[in-house]
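Each of the next two complexes has chain A plus one more chain, namely chain B in the first and chain C in the second.
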Partner chain A sequence: MLSASEHTPLLRLTGISKSFGTQAALHPLDLSVARGDFVALLGPSGCGKTTLLRVIGGFLRSDQGRVEINGADVTDLGPEQRPTNMVFQGYGLFPHMTVRQNVAYGLKIARTPAEKLSQAVGEILEMMHISGLSDRLPRALSGGQQQRVALARALVMKPSVLLLDEPLAALDLQLRKSMQIELRNLHREIGGTFICVTHDQGEAIALANRVAVMNAGRIVQEGTPEDIYQRPSNAFVAGFVGESNILSLTRQSGSCLLAGNIIPSSGPDGTVAMMIRPDDISLVEVKPAADISLYGQLTDAVFMGDHVKLIVAAETGDMLTVHRSRQAWHSDPIESGKRIFASWSRDACHILEQS
Partner chain B sequence: MSSIRSRDVAAVAPSFLVWTGFFFAPILYLLVVSFWRVRQYKLVTDASFDNYLLAAGEYRHAIVFTLVLAALVGVVTTVFAFAMAYMIRFHAGRFGNVLLFIALTTLFGGYLVKIYAWKGLLGSTGIINQALLAAGLISEPISWFLYSPFAVVITLVHFLLPYALLPINAALRGVDDAPIEAARDLGARPSRILIDVILPQCERGILTAFALAFFVSAGDYVTPQLVGGTDTFMIGNFIQSQFVNRMNAPVGAALAFATLLMTLFVVALVSLLYRRILKACAT
Partner chain C sequence: MTLRTACWWTFGILSAAFLVAPLALVVAFSFGENPHATLPFGNPTLQWYRELFAGDDFLAALRNSAIVTSCVGMLSAVLGTAAAFGFTAIDRKVSRLGVQLISLPVMLPPLVLALALATAFSATRIPLGLGTVIPSHLIFTQPFVLLIIYARLTSFDRSLIDSARDLGASSLQIFCTITLPLIAPSLIGATLLAMAISLDDFVITFFTIGGGMTLPTLIWGMLRTHLDPTINALGTLVLVLTLGLSVIAFKLTRYRG
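And then the complex of A and B:
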C-alpha cells in the first residue's frame, strides 16, 4: 500500500505572489515538484525566478499563497526551520572558516554528535572530491572548488529540497560544462530533489528533467526539456529556448497563408506566429511539393564549429536561420548569393498564439 | 637603471619626509630624552633608568587607574559603536548613510563643546538631576554625576563614538549578505549568526575601534581636568604637569613611554581575548 506522502508532490506552491512596492515580482503562480525531480527555473533576468527560489527557501515571504513541503505547510517558517538548503549565487562561504568548518557548520548547529558529524563531513568531502582541501580557507580555493564546498555544505544537511541559485554562473565555460555533468551525476547518485535557477537555456536543458520557463513574474511553460524545445507554448518560450525562426502570419477561417503555402491551423482569426527550428529547415534547388517552402537567397554562411549557420533572406522579407552539420556542408556547399528554396515539413512548424 | 632609481627616490621622498618630520624624529627624540635628566632647569644627557623607576613606583597607581578607565571607555565606546553600525548595516536601509552623517556631524562641534555640554547635563543643577528631582525619583541631586570618573567615562565615550563608528561601519559593510543567509539556511539563529559569522569577520574593525578609543582616552588630560573633579587624575595630567609646570621633560617622556608600552600591552591582550572569547562561544 502506498503511503499518502507518495501521492502528494514533495513541494507544492499554490497561488504564490510577491510584490516589491508597486512592482509585481511574481503573479499568482502554482508549481508542483515531485520527489527526485531536478527542476530548472529558466528565464531572463528580472523574470522572478530568483524571487521564487527565495520564497521556496524561506528568505522571502510571499504576499499570498502557500508553500508545502512533504505535505506540511511551511509558508510561515524561516529558512532555519525549513527542510531546504541553498547553494547561493557567489557561494556565500564563511570566509573565516576552513572548508571542513564550513561544511560542518549546519550539523554543529543541529548538535550532531561529534563522531557522526565527522563521519558525515568526511563522506561528503570525499564525494565532492575536496577532501584534500579541508583545512584551507575559501579565499585559497578556485571558483570551481568553492562551488564544491558550497554544494557539500548544503548536501551534508540531507535537505528535502536542494535549491541552487545560478550555481554555475561564476565559472568559465569549460568548468561550467564539466560541473553540469557532475551536478547531473550527483543528482542521480543521491536521488534528491533539486531546484535550480538559471538564465542559461542550455544549462537548464542539460541539467533538469523538468523545466519551468518564467517571464515577467509568471511560469509561461512547464515540462520536460524536450517538451519545451519541441513544443513551445508561445513565442516567448520559442525565442528563449534554443534558436528558432519565428514568422508572423495571419490566420483566417482556420488556415494561414505563407507565400503560397497554406497551413491549416484552428483558432480565432488574427495574427499568429510560426516557429521553425533552424535544424528542421533544408535548402533545396527544386521546390518540393509536399513541404512548406520559401524562395530566397543565401546571404551568409557562418562556421560555428560543430555546425554551419546559414542565413537566408526569404521572399517574405524574413531572415531565416538554417543549421547544417559540418559534414553535410562540406560534401555539398552552397555559394553565397545563390537563390534557393528553404523548405521544411509540416510537422516541423509550430503555430504559436501571440502572447 | 640609475634613472629608475632616482625616480623611485623621488616617489617616496615626500612621504619619507612627512614620516620623519612628524613621527619618527619626535618619537625618537622623546625616547632619547626619557633617559636624560634635568639639573638646574637644564637638560643633561644621561643613560639612566631612574625616570622609568619613578614611573613604575610613584606613578604606578596613576598609570593603572588610567588604563582601567581608558579600557572601560574603550569597551563601552566599541559596544555602542557596534550597535550603531549594526543598525546602519542591517536595519536602516537607505537611511544608513543619513545616520552615519548625523553621527559624524557632531565632530564639527569639537571636543571642548561636548565636555561643557556634559558639565551642563550632569551638574547638580544640570538637566538630568533636575529632571530626576522633578519626577520625584531622587530627593537631592546626585553628586557623583559630575566631577567623578563616571563623568570622565561618559564624556569620553560620547566624544569617541563617531571615531569608533567608522572602522566598525567599514568592517560591517565588508560582511556579505550571502554567508549570513547561508548561516540562517543551515539553522543558525540571529545570536548564533552574530557570534559565528559577523563578529569574526569584523575583528579588525572592532579592535581598531577599541584601540582608537583606548589610546585617545589613555592620553587625554583635558576631560579629567574639566569634569573629573579633584580626585580624578589620569596619567595625562601628570605628564602635562611634568612638561609644563615642572619643566621636567625626561620624567614626562618616561611616563609617556611607560604608558604607551602598557597601552600596547593592553591592546594586544584585548585582541587575544577577543579571539579566545569568540572561539569559546562559537558553535
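And then the complex of A and C:
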C-alpha cells in the first residue's frame, strides 16, 4: 500500500506569479512535481524559467501563490530554510576554499559531526569522480570539474529537490553531451527529484522525464518529452521543440484544405496551423493515393553529419524541411532542382489551434 | 636613442632627482656625524637615533602617534566597511550621492578642515586632546576605506552569497565565512592606507590636539628650537613607517594612481 506522502506531489506550486516593476515575469501558474521526477523547465531566454526556479529555491518571493514541498508550506521561507539546493549557472564556487571545503560548507554550517561530515564529503567526491581534486582551489579546475564540484556541493546536502540553473550551458558540446548522460545516471542512481532550467530543447528531452515548456511567463505545455515532441499543443511548442514544418491552413466546417488534400479537423472555423516533423516527410516521384502530398521542387540538400536536410519549395509557396538518414540519401540521392512530391501520412499531421 | 628621447630622459631623471633629493638628504644626514646638517656628512653613526630615543618628548609623541594611528586604522576599517555595505544595499543613485558626500573632506584643503574642526570643538567646549584628534582624523581617512571597499563590493559575485544562503548559512555566517575572507586583502590594504595618512598628518593634528604631541607635531616643535640631526633621524623614521604602510597597502589593494 502506498503511504500518504507518495500520493501528494513532492513539490506543488499554486497560482505563482511574479512581476518586476510593471513587467510581468510569471503569470499565475501551477506546477506539480512527483517524487523522483526529473523536470526540465524549457523555454527561450526571458520566458520566466529562471525566475520560476528562483521562486522554488526561495531566492525570489512570488507576488502571489503558494510553494509546498513535502506537503509543507515553504512560501515564506528563505533558501537557507528550504529543503532545496541549487546548482548555479556560474557554479558560485567559493574561490577561497578548496574543493573539499566547498563541498563540506553546507554540512559544516549545519554542525554535522566531523566524522559524519568527512564520510559524507568523501562519498560524494567519490561519486562525482573528483576525489583527486579535493585539495585544489576552484580556479585550478576546468569547467567540467567545477560543474562536478557544484553538483557535489548541492547533493551532499541530500536535498528534497535539486535545482539546476542551465547546468551545462558553460560547457563545450562534447563535455555537455557526456555530462548529460552522467546527470541522467546520477538521477537514476540517487533517485532524487531534479528540476532543471534549460533553453536547449535537446538537453531537456535527453535529461528529463517531464518537460514544462514555458513562454512569456506561462507554462504552455507540460508532459513527457515524447508528448511534447509528438503532440505539441500549440505552434509555439511545435516550433521550439525539435525542428518542424508549420503550414497555415483555413478550417471550414470540420475540414482543412491543403492543395487538394482534405484533412478532417474538428473545431471552430478559422486559421489553424499544421505541424509536420521533417523526418515524417518522404520524397516520392509518384503521387501517393492515401497520404497527404504537396508537389514541389527540391532546392537544396545540406549535409548535417548524421542526416541530410532537404529543402523543398512546395506549390503552396511554403518551404518544407525534410530529413533523410545519411544511408538513405547515399543509396537514393535526388538531384537539386528536381520536381517531386513531398508526402506524409495522416497520422503525422498535427493540427494546432492558433493561440 | 634620438636626441628627442634623450632630452625626455634627462628631464625625467632631473625631475625625479628634484623630488627625491631632499628625502635622500634627510636620510643621509640622519646617519652622518656632522651635527650642522651640512656637507660633508661625516662618518656614519647611529648617534642621532640614540639621542632621539633618549628624549622624553620623543617617547611621548611616539606613544601618541601609535595610539592615534591604530585607533584611526581600526575605526576607519569598521566604519568604512559598514558604510560600504550599507551603500551597496541601497539604490545606486542614492549611494553614489552618499559616497560623494562622505568623501568631501578629502577634497577640502586640510587647513580649512582643521580650522572648522578647531572652531567646532571650542564652540562646543570639548577639551582638545587625543580624544579630538582621533575623530578628526577619521573624517578624512574613512573615505579611503569606504571607496576601496565599496569598489570591491560592487564587483562582488552575488552568486557566492546566494550559494552560501542556499547551503543554509545565516547573514552573519555568510559575512564571516565568505564576504570577509574575500574582501580581506582590500580591507587590510585600505586600513593601512588610512593609518599611513593619519600617521603623517600635521595640520589637522596641530589644530585639534591642544597640548600633546604626535611625531609630525614634534618635528615642527623641534624645528623651531634647534636644528640638529635628531630631527633628520625622526623624519627618516616617519618616512619609513609611512612608506612601509603605503607600499603594503598598495600591494594588497592593487590600487593604482
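Here is the rule we use: the second predicted complex is superposed on the first by the 354 of 355 C-alpha atoms of A that agree within 3 Å, B and C clash if a C-alpha of one lies under 4 Å from a C-alpha of the other, contacts with A are read in each partner's own complex, and residues count from 1 in each chain.
Methods note: a contact is a pair of C-beta atoms (placed from the backbone, for glycine too) under 8 Å apart; a residue touches a chain by one contact, two chains touch by 3 or more.
The model shown is predicted, which means the values in this text are computed figures rather than measured ones.
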item: Clash or fit, chain B versus chain C on superposed chain A; value: clash
item: Chain B versus chain C as contact partner of A:167, first or second or both or neither; value: neither
item: Contacts of A:296 with chain B and chain C, given as first, second, both or neither; value: neither
item: Contacts of A:59 with chain B and chain C, given as first, second, both or neither; value: both
item: Which superposed partner A:192 touches (first chain B, second chain C, both, neither); value: neither
item: Touching partner for A:43 - first (chain B), second (chain C), both, neither; value: neither
item: Touched partner set for A:110, first chain B, second chain C, both or neither; value: both
item: Footprint overlap on chain A, comparing chain B with chain C; value: 57, 59, 78-81, 84-86, 88-96, 105-106, 109-110, 153-154, 157
item: Residues of chain A defined as touching chain B within the complex; value: 57, 59, 78-81, 84-86, 88-96, 105-106, 108-110, 153-154, 157
item: Partner chain C, residues of chain A touching it in the complex; value: 57, 59, 78-81, 84-86, 88-96, 105-106, 109-110, 153-154, 157
item: Contacting residues of chain C [partner chain A, same complex]; value: 157, 159-160, 162-170, 173, 177-178, 181-182
item: Interfacial residue positions of chain B with respect to chain A in the complex; value: 176-179, 181-189, 192, 196-197, 200-201, 283
